[in-house]
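One chain, chain A, links the two complexes that follow: it is found with chain B in the first and with chain C in the second.
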Partner chain A sequence: MELPESALAGLQSLAHPARLPHKTFQLLLEAAFHNLLHPQADGTALDHAELGSLDPTLLKQSYAAITTCILEAGKQNADKSTLSTLLEECRFGSERIDTFCTEYQKNKGKVEALLGSIGRYPSHITDVSWRLEYHIRNNHLHKVNQPSYLLTLKAENGEARSAEDVTFSCSMEQLQDLLGKLKDAAKSMEKASQM
Partner chain B sequence: MLLVLADEHRRHLSFLSATTAAVVSEFCRIAVEFLKKGSNPKIYEGAARKLSVSAETVQHGVEGLMYLLTESSKLMISQVDFQDSVLVLGFPEELNKLLLQLYLDNRQEIRSILNELTPDLPHYHNLEWRLDVQLASRALRQQIKPVLTLKLHLEQNGCASASVLQTDPATLLHLIQELEQALGEMKSNHCRRIVRNIK
Partner chain C sequence: MEEVDRILLNSLRQSGADIAEDVESVRQLTTELIVECVVRCLRILNPALGNGVSHLLPPGMSARFRIGMCLAQACQELGYQGEIGYQTFLYSNEPEIRRLLMFLVEKLPRDSADTADQPAEKSVLLQRLIATKIKQQLASAWLPPALRTTSLLNTQNSCLMNKFHSQALSLLSPSAPPLSPSQQSLLFTELWEYWEQHQPPVTAQAWDQACVAASVLERATADLSAVQEWEAEWNSQGLVSRLSPEEYKARKRQRLQSRIQEYLKQSSQRSEVRAGLAGTPAPDLTDPRPDHRCLRAKHSRFIHTEKFTFTQVSEDLSLHFSHQFPPPTPQDVQAEQQKEVRELEKQLKSLGEQIQDVRTAMETQTLTVNQVSEETRDRELSAEEKQQLLHIRKRALDLLPDAEGNLSKLQAVMEASAQRLVSLAGQWEKHRVPLIAEHRRLKQQLDSHELESSRRLMEIKEFHEKIKTSAEEAKRKENVHRQLVLELEHLSRGVGRAAYTQRILEIVSNISKQKEEITKILSDTKELQKEINSLTGKLDRTFAVTDELLFKDAKRDEAVRKAYKYLAALHENCSQLIETIEDTGTILREVRDLEELIDLETGKKTLINLEKILEDHRAIRQENAGLAGRLREA
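Our next item is the complex of A and B:
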């Protein structure tokens, strides 16, 4: 796991028990995880009184370093020993390494989910809604008497592009065709999962 | 249900009883062809010269037949009702039989042509799918994420379009379950009762 110079320097400044009491370190670490995993909170976790008394440059530098470290570890799927080695090299004491690693393990899944959601992908179907109608007649044709389905595939996309639901109609035969193909796909998926 | 023929319509068709059976069957052929492929006014002039009547008379005759055929096909009237409906035209028996045969032979095709005119929503045409496992991305390495990519082909008024979508295994199973229920609904007592009563 490699980190940029600035992040390493920031981590090193966090290692000093004299410059940064352990309680403050812990607060800062929790704030970093909280802000990453709750982007809608808009960084309010940093408003803690105790963090406010810190030198703003030190606060910024170390906050950026922790965040970089967490994201890089998550991205590389780093395990506890990789992370400990890195922190040791930044002259962290064993207590702080333990605190960091515990907090990381606790949030690892969420960090991965966050990182996994970044990127471009086709609209992702999340649900389907349907409506069944019986077409009786129209102005051109009487006695049509055919069932017809209206389907809406609900889709969502990353923050970048707005989701577009897909709505279409289909006859009973067409719905059977669609369903048959989806079942084929599900079967293949099941087979693939057993490999 | 009988077809009600307007006076003007009857007047237009009355020209046919004055001609021979061969001419009438030719008119029928033209009327059906126009319904399938669109009208071609040039034919009126040629026929009018041969029969030494005005082109307008010929046009009215053909259009009268076309209207007769589309209206009866639209309402899907029965054989008996069709016969009774054309009775008011006062045509010879032979001509009535000819019209009935024309109606029966072309009814389904005319209905499918009329069906194309009905207001059309985008409708299902085909579905293609592909199964992938996402292994890594710029933001996250070492993933195992099964993804089903779907290409849904739709059609509207003869125009094809396609959307590319994706989904995950759990949602796929949910979709299947939901759509099975949708299909099954048509067999429910409620739906069967309604369908039985709509004639």
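Our next item is the complex of A and C:
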């Protein structure tokens, strides 16, 4: 795992037990995780009595470093050993490494969820309803006599928006083609999982 | 035997032979399978030997025979001691095949399993991870949104998604911006004040809370890649230029600035020309709007090419121009302004025309001034020459009255000066030679220094390469180590091994039990033997005594004589009986031996093999006949 120099410098300044007592370190760490996972726009991120006694530049720098470190670790799916080697390189003591790692493990799933929520998904098809209709004749032809299917795919996208449904009609061959394609897709997924 | 067979078959399967799962003993192997197993083993043991032979048995009899011979020879070359020939493969019997397969499997390299799985690369690892995730997600059932747990919320697509949107963050940078010292201190204190008092924490800087993570990540990546890019550039170009990093940066900045200036000049000229063609006034350089677009284009190109090392310049530029964007104004103000602008433009146009006229006039004037000044310079030169000539002639005229004396005086002066010249030349030479030598020496030194420095440069480059490769190597090895540790954790801890050891211990205990029994039986037999011996001795003695007594009495008594006769007959019969019993025992033993022999022979499948041989013989005959027929036809 690689971090930019500014983040490394911030982490190194965190490692000094003299400059930063362990209690404050823990507070800062918790604040970083909390602000990342429960963002608040009002700028009260670091308004804690004990944090206020620190040098504001140092505090901001360390805070930015911790945030970067957490996000990068989540992005690279870093395990405990990788994280602890990184922190050791920044001259962290074993106690602080343990604190960091446990806090990270505790929140790893949420960090992953946060990172996973960047981007977009296509809608998920959750249900399908269909209807068979039969063309007997139309304006131009006296006898048509062809069946066709009316399909409605129910889709969902995110918890907030109720997704719109996809409706279309198709002939039997087209439906078979669609079915074959879907089967192919399912098979491909299975093949990908077999690797 | 079953245990041995299972181990054998397992290792054969590992060597690549296609043995069905239901085959459990060597007896079940068909000729085809035997040939395949042997060929696979040979291919692993000795590729040169094994690759020449197909692992599929051909239908033709003669080809089969040839393959058998080949395999037998190959096995002998590998050091197989037992009897082997084509018949071993084609007309197999169980013990021989088992012996051969055991020999081959023992020879197989033990660590083949280790060499087989090469350390997987990072991408392979990632793919594997993806595959396991997909498998997990495929295994979990779909649930309606209301029932989903938090872990399912992410995988089953019901969490709220945010588009990737990032924003520039202001972070406290550890290195001060490169400026002149006075400027730097001023700016630095101001920056410091900002950092200390006004800068919001990172997570509060983004306008939308959703893009905090994206912004932080992008910032980190940008910083990292800037460092990497600079290192790559420094290693490829900076080192060769033999400048210190600061000098190199300064030079590059200069180059870039000159390029920007040139571009600005060009574009302004172009727009002037364009304006001239269209009959509109030339846009003033202070109005950034027309130029802004091309500058933007240039700016973005710079960003692409010199992206990270010199963002400073382009940032300054963009800052500069963004300042001068006119703020949006309401409509009526705009109309008024437009009118004003039109008037001003008209004015500007007339002024421009005037300026143009004055400029052309000025150009012609400067041209004439230049011409005139040149002429005066020429004239001055010629006047000077003429004055010098005049001076010389005046001296000659002065000297003319006393011509002889003056001539001789002049000659003396000339000689003296010539001598002085010679001596001076000598002195010059004296100074010159060591100086030239010194010069040469210095030059050589310089050359050697240059050589040395280029050599050093090469070395430095090599070291850089080495550092990079070793760092990569270290990283790779670390990855491999981690992966192997993971695999080790995943590995089911040697079930087979434990089972085997247990089995071996059982067998050993069995053997010791059997040994005990055998010794017991042996001691029993010995006791029996002893008993028999003592009984025989007792019998002999008793018989002798009885015999003597009866013999003594037999001369006197007829009945006793009869008894004596009976006794002799009894003794003889008894000894015969014993002999018969002993004979029966030996015969029984022989029978058992023979039975064992029969078993062995039946195990060799002699009859079946004989039938097979007969069949094959017939096939060969047919083949031969066919070949002969074809020969005759040909």
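Details
Note that in this section the second predicted complex is superposed on the first by the 113 of 195 C-alpha atoms of A that agree within 3 Å, B and C clash if a C-alpha of one lies under 4 Å from a C-alpha of the other, contacts with A are read in each partner's own complex, and residues count from 1 in each chain.
Everything below uses one rule, namely that contacts are C-beta pairs under 8 Å (C-beta built on N, C-alpha and C of every residue); 3 or more make two chains touch, one makes a residue touch a chain.
Treat the numbers as computed from the prediction; the structure is a model and nothing was measured.
In the superposition on chain A, contact is made by A:Q174 with chain B only, not with chain C. In the superposition on chain A, A:I136 makes contact with chain B only, not with chain C. When both complexes are overlaid on chain A, the residue A:L115 reaches chain B and chain C alike. Touch criterion not met for A:K23: it reaches neither chain B nor chain C. By the touch criterion defined above, A:Q76 lies against chain B but remains apart from chain C after alignment on the C-alpha atoms of chain A.
In the superposition on chain A, A:A192 makes contact with both chain B and chain C.
Of the two partner chains placed by superposition, only chain C is touched by A:N157; chain B is not. Once the two complexes are laid over each other on the shared chain, residue contacts for A:I125 go to chain B alone; chain C is not touched. Chain A residues in contact with chain B (one complex) as well as with chain C (other complex) are 75, 77, 112, 115-116, 118-119, 121, 124, 126, 189, 192-193. Within the complex, the chain A residues that touch chain B are 74-77, 112, 115-116, 118-119, 121-128, 130, 132, 134, 136, 138, 140-145, 147, 149-151, 153, 155, 166-172, 174-179, 181-186, 188-189, 192-193.
The part of chain B that touches chain A in the complex is made up of residues 74-76, 111, 114-115, 117-119, 121-124, 126-127, 129, 131, 133, 137-143, 145-150, 152, 154, 163-169, 171-176, 178-180, 182-183, 185-186, 191, 194-195, 198-199.
Partner chain A is touched in their complex by these residues of chain C: 127-132, 134-135, 138, 142, 144-145, 150-151, 153-154, 156-164, 169, 171-174, 192, 195-197, 199-204, 209-210, 212-214, 216-217, 219-220, 223-224, 227, 482. For chain A in complex with chain C, the residues that touch the partner chain are 2-7, 9, 35-36, 39-43, 45-46, 56-57, 60-61, 63-64, 67-68, 71-72, 75, 77, 81, 109, 112-121, 124, 126, 156-160, 189-190, 192-195.
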